[in-house]
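Shown next, in structure tokens, is the structure this report addresses.
All chains are identified by letter, namely A, B, C and D, in their written order; residue positions are counted from 1 within each chain.
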Amino acid sequence: MRKKLNIGLVGYGFMGRAHTNAYRQAPKFFDVPYDLVLKAACARNQDAIQAFADNWGYEGIETDWRALVARDDIDAIDICAPNNMHHDIAIAAAKAGKMVLCEKPLAMNVAEGCEMVDAVEKAGVPNMIWYNYRRVPAVTLAKQLIDEGRLGRIFHYRAVFLQDWTISADLPQGGASLWRLDAAAAGSGVTGDLLAHCIDTALWLNGSIGSVSAMTEIFIKERQHNLTGKVEPVKIEDACAFLARFKNGSLATFESTRYARGHKALYTFEINGEHASIQWDLHDLHRLNYFDHRDDSLVRGWRSIHITDGDMPYMDHWWVPGLQIGFEHSFIHGVADFFQGVASGKPAHPTFRDALETQRVCEAVLKSAQTNSWQPVGA
Amino acid sequence: MRKKLNIGLVGYGFMGRAHTNAYRQAPKFFDVPYDLVLKAACARNQDAIQAFADNWGYEGIETDWRALVARDDIDAIDICAPNNMHHDIAIAAAKAGKMVLCEKPLAMNVAEGCEMVDAVEKAGVPNMIWYNYRRVPAVTLAKQLIDEGRLGRIFHYRAVFLQDWTISADLPQGGASLWRLDAAAAGSGVTGDLLAHCIDTALWLNGSIGSVSAMTEIFIKERQHNLTGKVEPVKIEDACAFLARFKNGSLATFESTRYARGHKALYTFEINGEHASIQWDLHDLHRLNYFDHRDDSLVRGWRSIHITDGDMPYMDHWWVPGLQIGFEHSFIHGVADFFQGVASGKPAHPTFRDALETQRVCEAVLKSAQTNSWQPVGA
Amino acid sequence: MRKKLNIGLVGYGFMGRAHTNAYRQAPKFFDVPYDLVLKAACARNQDAIQAFADNWGYEGIETDWRALVARDDIDAIDICAPNNMHHDIAIAAAKAGKMVLCEKPLAMNVAEGCEMVDAVEKAGVPNMIWYNYRRVPAVTLAKQLIDEGRLGRIFHYRAVFLQDWTISADLPQGGASLWRLDAAAAGSGVTGDLLAHCIDTALWLNGSIGSVSAMTEIFIKERQHNLTGKVEPVKIEDACAFLARFKNGSLATFESTRYARGHKALYTFEINGEHASIQWDLHDLHRLNYFDHRDDSLVRGWRSIHITDGDMPYMDHWWVPGLQIGFEHSFIHGVADFFQGVASGKPAHPTFRDALETQRVCEAVLKSAQTNSWQPVGA
Amino acid sequence: MRKKLNIGLVGYGFMGRAHTNAYRQAPKFFDVPYDLVLKAACARNQDAIQAFADNWGYEGIETDWRALVARDDIDAIDICAPNNMHHDIAIAAAKAGKMVLCEKPLAMNVAEGCEMVDAVEKAGVPNMIWYNYRRVPAVTLAKQLIDEGRLGRIFHYRAVFLQDWTISADLPQGGASLWRLDAAAAGSGVTGDLLAHCIDTALWLNGSIGSVSAMTEIFIKERQHNLTGKVEPVKIEDACAFLARFKNGSLATFESTRYARGHKALYTFEINGEHASIQWDLHDLHRLNYFDHRDDSLVRGWRSIHITDGDMPYMDHWWVPGLQIGFEHSFIHGVADFFQGVASGKPAHPTFRDALETQRVCEAVLKSAQTNSWQPVGA
């Protein structure tokens, strides 16, 4: 018999669904060394959270996260609430001795993030931030190829995360599914929401960033605010682009926007090394493009690797060659890795500490944009 | 309270997993009007089926499908056993008044298929064949675009299903996961296994086929047989290609092989109409290519439609725009549609009768190849 | 000083321009061992041929091809006239001891073709049919890769040539630029016009075809005829598809149509071998796709080879890596190869004899379609 | 009779060939209102320039550009010499009353560029800088679509020009074909060589740039110098990336490098507007990608426009739909446009004055990189 681990989830939006699905699915496809129990789901809106719990099979609900954290029968707290709630919930959960899984970004800022890292480390509880794209098999393969040294010295890194959902001036800000447009809830705009993904992957694949030069823009200056009912200034950045120098000497460009017509979630990265290069694209997440200059020149070209064979990361747990998986599987892999890490004592990445580094880069980026100057990434 | 429906599954291979996953997932993402219970899983190998049942949460097991069919507490029989077992199980299940869901192809041949259709229709039980690719959202969208008349008169249809997994002469035939290479279990080679998918989609999208001219080939004539331990002649065709004339006057080419290096499950189709054309590819199943000649000529080109927005078929039940789903979702959609059809009385397609038409085409194809002559598709 | 060779061209249409451009360009980029002189251009329409000659720098004109062939100062006759004129001009030119270059297809039928081959061989004159796609660098590279044995045993060949320019029922047939729709001038429809290209390439890359099963269709039965002014039955086939068995044991499908919306000149082929596969596409003619199963499985994928580097066939004569050439360059390569062959005594391919084999396949294809039966390719 | 215009060319390298080919080809495919005469080619190396002149049909040679400029029988001077020679030759040619066509970039710096602009404007001579990519039909189409207002308000512009030819540390610098790596001859590295192309296109398509923040890098610090025979510091930048704010409010990223494995001449740009977006890629220069959000959402997607139809810019002068042109055609279009402009008095773009704006951006970029600060683009 596997030991039961009781999960308490805060939030029931897009990420609440994705995480819950992952808890249900992971044990069916992977060797998860615990019996994961959907113990309680928590949100202030009682009807909504009850419906969510009923659908997904949570045993019960809570309407106050403090009550959830206080329960003795909860082993792990999973935070899917808006960014401005991460800090308090995570610290309380850590103090209560619970494992903490938290949606990205880690926090509203570095100061909060430091306190959160301190809390989980002091408590000695397993912890992870859901930077899920690390566990798209193609991205995991990219990491593997780099670690094997196939690319050689890295010269260039470039990443974008392009969306188009806020181009309409009629879109309001704030509340419910639009909290990402409300600075009070989100902390920042595309930087914390989208670039944080790009930065997390980049740090994982290419090491630390030394300094950045950024620019941001708010294209539509005022929007109706759902919480106040009034037209208010938009305070989150619609777009952000920055130059970066990695500590390994490579140069980088990063860009994110919600004003790029034609792109819904076009997260792409490319890495150019001395010997080989890699490209990936979230819109075709089951492919990795790879170019190896050491190939016989007559047949040298970008290879489109269809990541479905059993020797690809995670893929021996899924279907048969040729058959692709989708977005939600990255979370399932996260659940499998996290709990295998809990059992083995070898923590799954990115931990809160790992994610703090991304937070530092975000903060340097925003400061650079405010000051129109190059900024070092704080230590 | 939703009414409980108890599922009894025969088989635990690739399709056993895909179907079971679909029963578990469908109610979480779709409005399934019943409470689907994984009641019993059945296979001759007791240890194997017990492990399967434990993993997936089946309440119990059976080791004889006749026992499963005989149980009063089973409402629906799902057949994931090799092709040579479809006929007997399906007929017994129908006679026992149970709904029948059966993996494709319908049967070993048309004669068997006719008996199966008779059985389910006489019994009046809901029935469906799992031609799952109809419910890949991009394919469903293709159907919708055609039904809206966007293509106009159809001139051409072409489809291939290319694999490469049997190129090695060392691969044995027969038994366990290799029953598809054993004529006694599979009935035919690529025709029933792969072309049947292409034909099913084609009949759905483009109507009936009138006649065919086919060729088949066995590239490697003998293989070790796992059941006998001896080198035996290979009796299933490795490759099959055929010309077809649809009754709507359009011309078609179809081809399938397991000897196409570079392709794992490359099911593609293209339809050329008077005004517009459509392309789809299983290796990038979340995209549909569409060309409309009525576009302003300066910006006329093939459109790559990323099928992730909420107005795409089935996609309002999944994630957010830009985030793709994968292979297994087609089965989840099948479960949702089937049981909504049971509740509404409007049967989900393809029924056994629908699938019999595909069987007729397959039989004409094989006869054509044997006789080196054009063959009409029997009525 | 290079020896002068005087060119006499018959025809001034699309191919007249492409050939003339090639005569002018080849010596600037390749080592052509003769001084090619645009001596005379010939067509019945005096004003038109004079304008053509003036533009391109022909020294003079003729309005009767017999007069051109009779001239002592012409060394090579290049036939760009409609198919029904190839036979007479080529034989007359050969008898007059002139080199003969002739647009494809060789002839209206095999009988004519045999006489043409006899004529040039009896006369011992250098001869070539302009199957220009052999000399697209990507296609030449495909030949090289196959000849090096990289693909191993070939299992499959498939080719299509798709156009859409005759879908409108208002398009007339016959005369001037529409002679390809007039059976009297063209001999056949897509078979001789488009499939002939596919067959020529296939024979070159994959050897002889043994037998075929074909179907053809005329979608629009009657069209206004430009020569008679009357609505007349269309006698050329709009579409043709056929199955083929190559003598090396591989299976093939071929298809061509002028009713494929979205495709202007989509000539594609794919070859699947035991170890590797190749794809090519005229719409992106400067790329070759290559898949090699012997690659390390982690980085195995279809390679998109951008054919611009100096080690690619013909490309050391053009620009710099990354910069593509276009359609007309295939003719320039043909001129370079033909005259280098004249100088070296090693004839450039395809000779009339080579092209006769394509003619035999075309004839078997048309006969198969007429008789609804498999047809051997005549010897 | 068309009036003769005598061309005098300085330089015989890659660009010397491309321009000369354009002078020869343009009148065959376009209505060029003059009789262009290849009068003289000029370079210091007498044997080399004589061989070049013989191959291409120049009537004579010069070994001193001053002598060429001094000749009364030269109407237009075309400068294909290294960047550090543009200034003196262009000013001398202008003073001599000759038309001046000059390879890009305009000059070594803005100061030189201003003098050159003054010279041609004071002399009132037709002048053009060969930013040839404006005349790739797909790029010209992009301009047309933008000018028609199809994109609406522009939010984003991004461009890269990626090469990989200097990754080897064994590659020397300076002299002959490697002058681009020698600061004394080139002025700058990728900025003037490659980014200048990106900037020229961007200014044409999207208007003026207000300010930039750039970084540059020299990855390999020392190389053997061909002119001195010694290992010397590399003074040109290997890579350069910059952020930019356009005066229309849009944000941009630009990047160029010669250290991007897998890319030979990957010049790409993307423009995101309120309603529509555009992408282009030099590696497939005959395609333009276009996304229009106003499309019916069911069939909305990126369109791959194959730029070969007769209604596309310049394409009615080439072949037939489906058949692509290549790199050198952009120069042919330049010749056609330039001399049509001479005849009509409506100057072809970009003039020296137009190109001065690109020079100003380059200078601001280099200064920004040197000072690690945002820099305005000087007026």
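Following the convention adopted for this analysis, a residue touches a chain if its C-beta (ideal position, glycine included) is under 8 Å from a C-beta of that chain, and two chains touch if they have at least 3 such contacts.
Quantities reported herein were computed from a predicted structural model and do not represent experimental measurements.
With A-B and B-D as the two chain pairs, more C-beta contacts join A-B.
At the far end from subunit A, in terms of centres built from Cα atoms, lies C. The centroid of the Cα atoms in subunit B and the matching centroid in subunit D are 55 Å apart.
Centroids built from CA atoms put subunit D at 42 Å from subunit A.
Look at where the CA atoms of subunit A average out and do the same for subunit B: the two points lie 36 Å apart.
Shared interface positions of subunit B, i.e. residues touching 2 or more other chains, are given as 263, 287, 302, 306, 309. Residues of subunit A that touch subunit B in their complex: 14, 18, 21, 24-25, 28, 55-56, 163, 165, 263-266, 282-287, 306, 308-309, 319-329. Taken in their complex, subunit B has these residues touching subunit D: 141, 144-145, 150, 287-290, 292, 295, 297-306, 309, 311-312. Across the complex, subunit A meets subunit D through its residues 155-156, 158, 160, 162, 164, 167, 213-215, 217, 219, 239, 241-243, 245, 249, 251, 253, 255, 257, 259-263, 272-277, 291, 293, 302, 372-374.
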